[in-house]
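Take a look at the structures listed below.
What follows is chain A paired twice: with chain B in the first complex and chain C in the second.
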Partner chain A sequence: MEIDALALSLTYQFGTNAAFLFLSALGLIVILGMMNIINLAHGELMMMGAYAATIANNQFGLPFPLAVIVSFFAVAIFGAILELLIVRRFYGRELSALVVTWGISLILGQGTFLVFGPFMPAIKIPGGSYSYGGFSFSEYWLVLIGISISLVIGLYWLYRYTSYGLQARATMQNAEIAKALGVPTNRVYTLTFSLGAGLAGLSGALLAPTSTIAPFMGQQFVAPAFITVVVGGATNVISGAVGSSVLLSAIKTPIGMAYGAFLGTVALLVAALVIIRIMPDGISATLQKIMDRRRARHTL
Partner chain B sequence: MLTKLTMDILLVENVVAGYQSSNVLQGVSISLSEGEIISVVGRNGVGKTTLVRTIMGLLPVRSGRIEFAGKQITSKAADHRARQGIGYVPQDRGIFPDLTVEENLRMGRFIGTKRNSLDFESVFNNFPFLKERLHQRGGTLSGGQQEMLAIARALINQPKLLLLDEPSDGVQPSIVEEIGQFLLQLKATGEVTVLLVEQNFDLLQTVSDRAYAMEKGMVADQLSVDDLNNDEILAAHIAM
Partner chain C sequence: MNNDNQSDQPETDITDGKSSKENFGPKITRRSFLQGSAAVSAGIAAPIYLAGVSKSFAAKGGAVKIGHIEDLSGNLAVYGVQKDHGAQLAVKEINAGKTLKGGPVGSGGLGSLSNYAANPPIMGNGDKDLKFVNDGGELTESGMAFVEDKDVLVDSGDSGILGREVELIHPDGQSNNNIWQQLTRKLIQEDKVDCLVAGFTSAEREAIRPIVDQFKQLYIYTNQYEGGVADSNTFCTGAICEQQVIPVVDYMIQKFGPRVYTIAADYNFGQLTAAWTRAFAPQVGGEIIGEEFVPLSVSDFTTSIAKVQAAKPDWVFTLLVGSNQSNYYPQAAATGLEYPMASTVNMAQGYEHRRFKPPSLNRMYNCVNYIEEIPTARNRAFVKRWYEMFPKDPYIGQMAQNTYFSVHMYAKAVRIAGTTDQEEVKRAFESGLHLEAPEGTVFMEPSTHHCSHYIRLATADADHNVSFVREWPSIQPWWLQRLGVNLVRNKEYKQYIPDEDPFFKS
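Presenting the complex of A and B:
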């Protein structure tokens, strides 16, 4: 009985931590993996998603699920405009892009502070919670775990089976050749940046009920997001994000439960350092090497 | 003089183009009639690749003009030109290393105006090895295999013009011969015009209808089939 509840709670905590890392990193890894841009405004795009959801939910009375969808599109459109006006001038100049997105993040943070003040009314966590054997399980986090899994499947489908997905992966690998084969690469970049921004907004909206809603709330997501992305690597966006959030959570969760959240986070950082040391190009590159070897054996 | 029965599919007139540091092409003019295989020969560094890249739209035309299938394309972007029906096989083959062989082939779909369902059967007929390797990453193929994949990709949606930049470069002789036979079959269909940049004598002599010889960024000479089949004349235009 005791063991049952402990195992269940461990699984739940593991899912929760993995979903948090995955959602935090999602938009960042799409933009980095597909466009090679380190988007330092990632946290602020998540903040915008949280604000959009809060305003849609509190001011316009939209049900929370709808407010989340609105946030995705609102931030995606904002991302497209950002790309068309600013970001596209800095392709192939990684350092400049870094500085520019940092500038954008400052403007967005300060701008939000000026317009909306130091904080927004919170969104109540939707749903209730279960308790079992002395542990409590939030319905909302169970939904977030489910949404994370759906997002993985949806993104896999998008990048594997659609024309946009194929064009985007080709453009990422060799933009000049993709263009010479008829791909409107500029449009692919706009769409990809917009998608990455929209996903950051979606994650921000989804995590909004679990957090204080304030202009600089994005900062709390940035560190876990970057750790997840670096550990995952950019070889394959989806396997990188999933592999890394699952692995890091598998280390953080048991240590966190046994020794407290602080040591859990320390363990996560140490694990990240060790993994980067062993797999300098991230988990996704290592996974790819393994797949190549297996395929090569099949054809020989 | 006889009137020309076929129309010019590609017309390059006095084109000047190059890189930031300098112009490489110093006023190049060539024309290709439908269904021909026309070669461009010349020593290393004379500007053959620069010419092909300029025709594809990857380098801007600084003066002169380019016409394709009766339309001015001088200042059109590369993706626009591809969608008009220009297939391109770069000198380094341009295979996407992390896309599978099948996905690399699918990338040929955006060339040309039609969006047909892709004819994988004819690809496998011409290059049977691709069938077994369909799910392998492009980057795991050998140089010669990548060359054939790049050719198959450029042709899969029936372009009007194929730009082929040194297909023999870094490819083993048996595969160069295979590519030569394939180009002959392709010519027999009469559906595609080919601009072939080459330095390999056998391949040039097997497939070319005629050739332009380049020197220092200019067309120095035109070679007939007889000129091409004369090793000495050909050597004078290619060898160091």
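Presenting the complex of A and C:
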């Protein structure tokens, strides 16, 4: 009984760790992975999502799932404004964009602190818990794992099968030619940044019940988000992020369980280092290479 | 504690008709020193400081400058702003001619702190003006008589400090240790502050303490911390491990059982507090069955929660710091973790019981020297004054109260010294100074520069209502004494760590 309970608990921990990494990285996948903007305001966009959901839920009494949807749109609109006013002036200038988004993050964090004060009352975590063999599991985290999987599928569908997805991929590959072919690249940039911001807001809202709602809460997500996206690589951002969150979680979970949170975090960082050393372009580039090779072998 | 504790002051009270003067100590002291004199505090213990007190009332030398650094922006602003407000409130009150009751204790030690000790103790039954408590602190028909001040804020008989206005210079430390160092240099060298009150984390304190020592600056550290600082220039007014860890560990082992699981923040505060627990738990029959140190950046506690469940403790000692780590509570509650918890940091600083939805902090026990919910009349008066000045504040935390009374304590020490000369004021701080703070009586222990505190064991129920299950009216900061530290005789500028005491060798 003990062994299977432990195995179940490890599986659950693996799932929540992977979902946490994936949700942290969600908005950044689009903004860093596709647009190559090093968005240091990523955490603050997640914070805005959490605030939007908290206000919608606590002040306006919206049910939590609706509040999450509201916060997606709220942060997406904010992202569009941000892109139109500021970010679009910095395409192709990665370091300038880095400094600018860092400045934006400071303004957003401290601005929120001045307007809303040090803390917001939290949202209660929806759902109860199951227990089995001495371990128990939060229903909400199980739902989050499910949501993460459907978000992966949704994103894949969006970029693979919609005309926006086609235009976006074309623009990211070669903006000049895409423009020459009649793709409204400016609009694609605005939409993509807005989508990335909205997704950051969405995951901020989804993680809000598990977290302290505070002006600087976003910072906790920034490091995992960048590690996940960078380890994943830019060749195919979606498969990269999925691959890296699964792989990193598979390393972190057993070590964390056996040796504690500190060594779990160390293991995650070491794994990220090793992966980047072995696969400098990230997991997705390696996956792509393997697939290309296999395809080449088949065609021969 | 109980809400009906506030009784009118009984006839034995000696404040009769003299409310314009500060009220302290035995009657003889009042009569001989307070008549018409501006001397605000003059105890039998400190006659050397009396010279010139009555003359120094005339305003001279401009404002008395109190430098105050806390984090008003950045990650630690949630605590820094509270403390900044505490300093502002105290300065406002000092400038308005108010002070907290208190003064040098005199030869009688702590027993003579109370305003009523000058008279013989009253034992009786059914006296309409007196209330009685049993040993557990509950109201009874007979037993130990007690009285309570309605408020401890009284007229100081002074305007500002020694007739000089108090100016608070309070820059923003921005949660950045380098900026803390720059600001400390600026406050000391350019602003030439008479007193520096600063510091939230131990890292901030250790960043600025060498600068403080270089300039022999009078420095007050108002935070609860891991203990051990023995510094001739530094006075620590927050509670330390022997005042918080030992009472709560003792209580929890008695009430819930011996198997303890510690989960602590992975830096010096968490490590050293866990070391205290490890050393002390066996002495009261406890056993540490698991220990985990969590980096400050961690905010997903799934694995830690599973580890607690695998260990099956009787209760969990959570020493989690910062807003990331307080995520542990809602996550543990959602996972169905229902072990009783104890802490020395949560609730009283970051008001987790107000922020998180019940029942995340159900059965949380915390030894604190202050928490906003303390039901005494003096604390309610303090809370009222606070929210009159800062109506938008979300909570008054433990350290905010510490800062508040520390500034008042500084004013008192200057009045005893009769000058703002920092060496003189340091000696006045070493004169056995006590103060009636909102928490209760605090006493600046001269040899170690730490305060005794009124410690309460607060607990939150399933609806996050706070109640108090036990209290200790005065716990001494004894650990440095045990190590033989005596700053009155020997100057020191270091921080002791538990490894230097065989008590912690295991």
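Quick note on the criterion: the second predicted complex is superposed on the first by the 300 of 300 C-alpha atoms of A that agree within 3 Å, B and C clash if a C-alpha of one lies under 4 Å from a C-alpha of the other, contacts with A are read in each partner's own complex, and residues count from 1 in each chain.
The criterion applied here is as follows: a contact is a pair of C-beta atoms (placed from the backbone, for glycine too) under 8 Å apart; a residue touches a chain by one contact, two chains touch by 3 or more.
Source: prediction; values computed, not measured.
Engineer: Will chain C clash with chain B on chain A after the two structures are superposed, or do they fit?
Structural biologist: After superposition on chain A, which the two structures share, chain B sits beside chain C with no clash.
Engineer: Please indicate which partner A:R169 is in contact with in the superposed arrangement: first for chain B, second for chain C, both, or neither.
Structural biologist: A:R169 sits against chain B, while chain C stays out of touch.
Engineer: Between chain B and chain C, point out the one touching more chain A residues.
Structural biologist: Between chain B and chain C, C touches the greater number of residues in chain A.
Engineer: Is A:T235 contacted by the first partner chain B, the second partner chain C, both or neither?
Structural biologist: In the superposition, A:T235 contacts chain B only.
Engineer: Considering only the touch criterion stated at the top, classify A:T212 as touching first (chain B), second (chain C), both, or neither.
Structural biologist: second
Engineer: Return first, second, both or neither, reflecting whether A:L6 touches chain B, chain C, both chains, or no partner chain.
Structural biologist: Only chain C; A:L6 stays clear of chain B.
Engineer: Just checking: does A:V183 make contact with chain B only, chain C only, both, or neither of them? Give me first, second, both or neither.
Structural biologist: Only chain B; A:V183 stays clear of chain C.
Engineer: So, does A:Q288 touch the first partner chain B, the second partner chain C, both, or neither?
Structural biologist: In the superposition, A:Q288 contacts chain B only.
Engineer: Which value, in Å, gives the least CA distance between chain B and chain C in the superposed three-chain arrangement?
Structural biologist: 36
Engineer: Name the residues of chain A shared by its contacts with chain B and its contacts with chain C.
Structural biologist: Overlap of chain B and chain C footprints on chain A: empty.
Engineer: Where on chain C does chain A make contact in their complex?
Structural biologist: That would be residues 73-75, 77-78, 81, 266, 292-295, 297-304, 306-307, 309-310, 312, 323-324, 326-327, 330-331, 333-337, 350-351, 354-357, 392, 394 of chain C.
Engineer: Using the touch definition from the top, list the residues of chain A that touch chain B in their complex.
Structural biologist: Chain A reaches chain B through residues 166-167, 169-170, 173-174, 176-185, 235-236, 288, 292, 295-296, 299.
Engineer: Touching chain A in the complex: which residues of chain B?
Structural biologist: Residues of chain B touching chain A: 56-58, 77-79, 82-83, 88, 90, 94, 96-99, 103, 106-108, 110-112, 132-133, 135-137, 140, 153-154.
Engineer: Where on chain A does chain C make contact in their complex?
Structural biologist: These residues of chain A touch chain C: 6, 9-10, 12-13, 16-17, 20, 110, 113, 117-125, 127-131, 134-141, 209-217, 219-221, 223, 252-253, 256-257, 260-262, 264-265.
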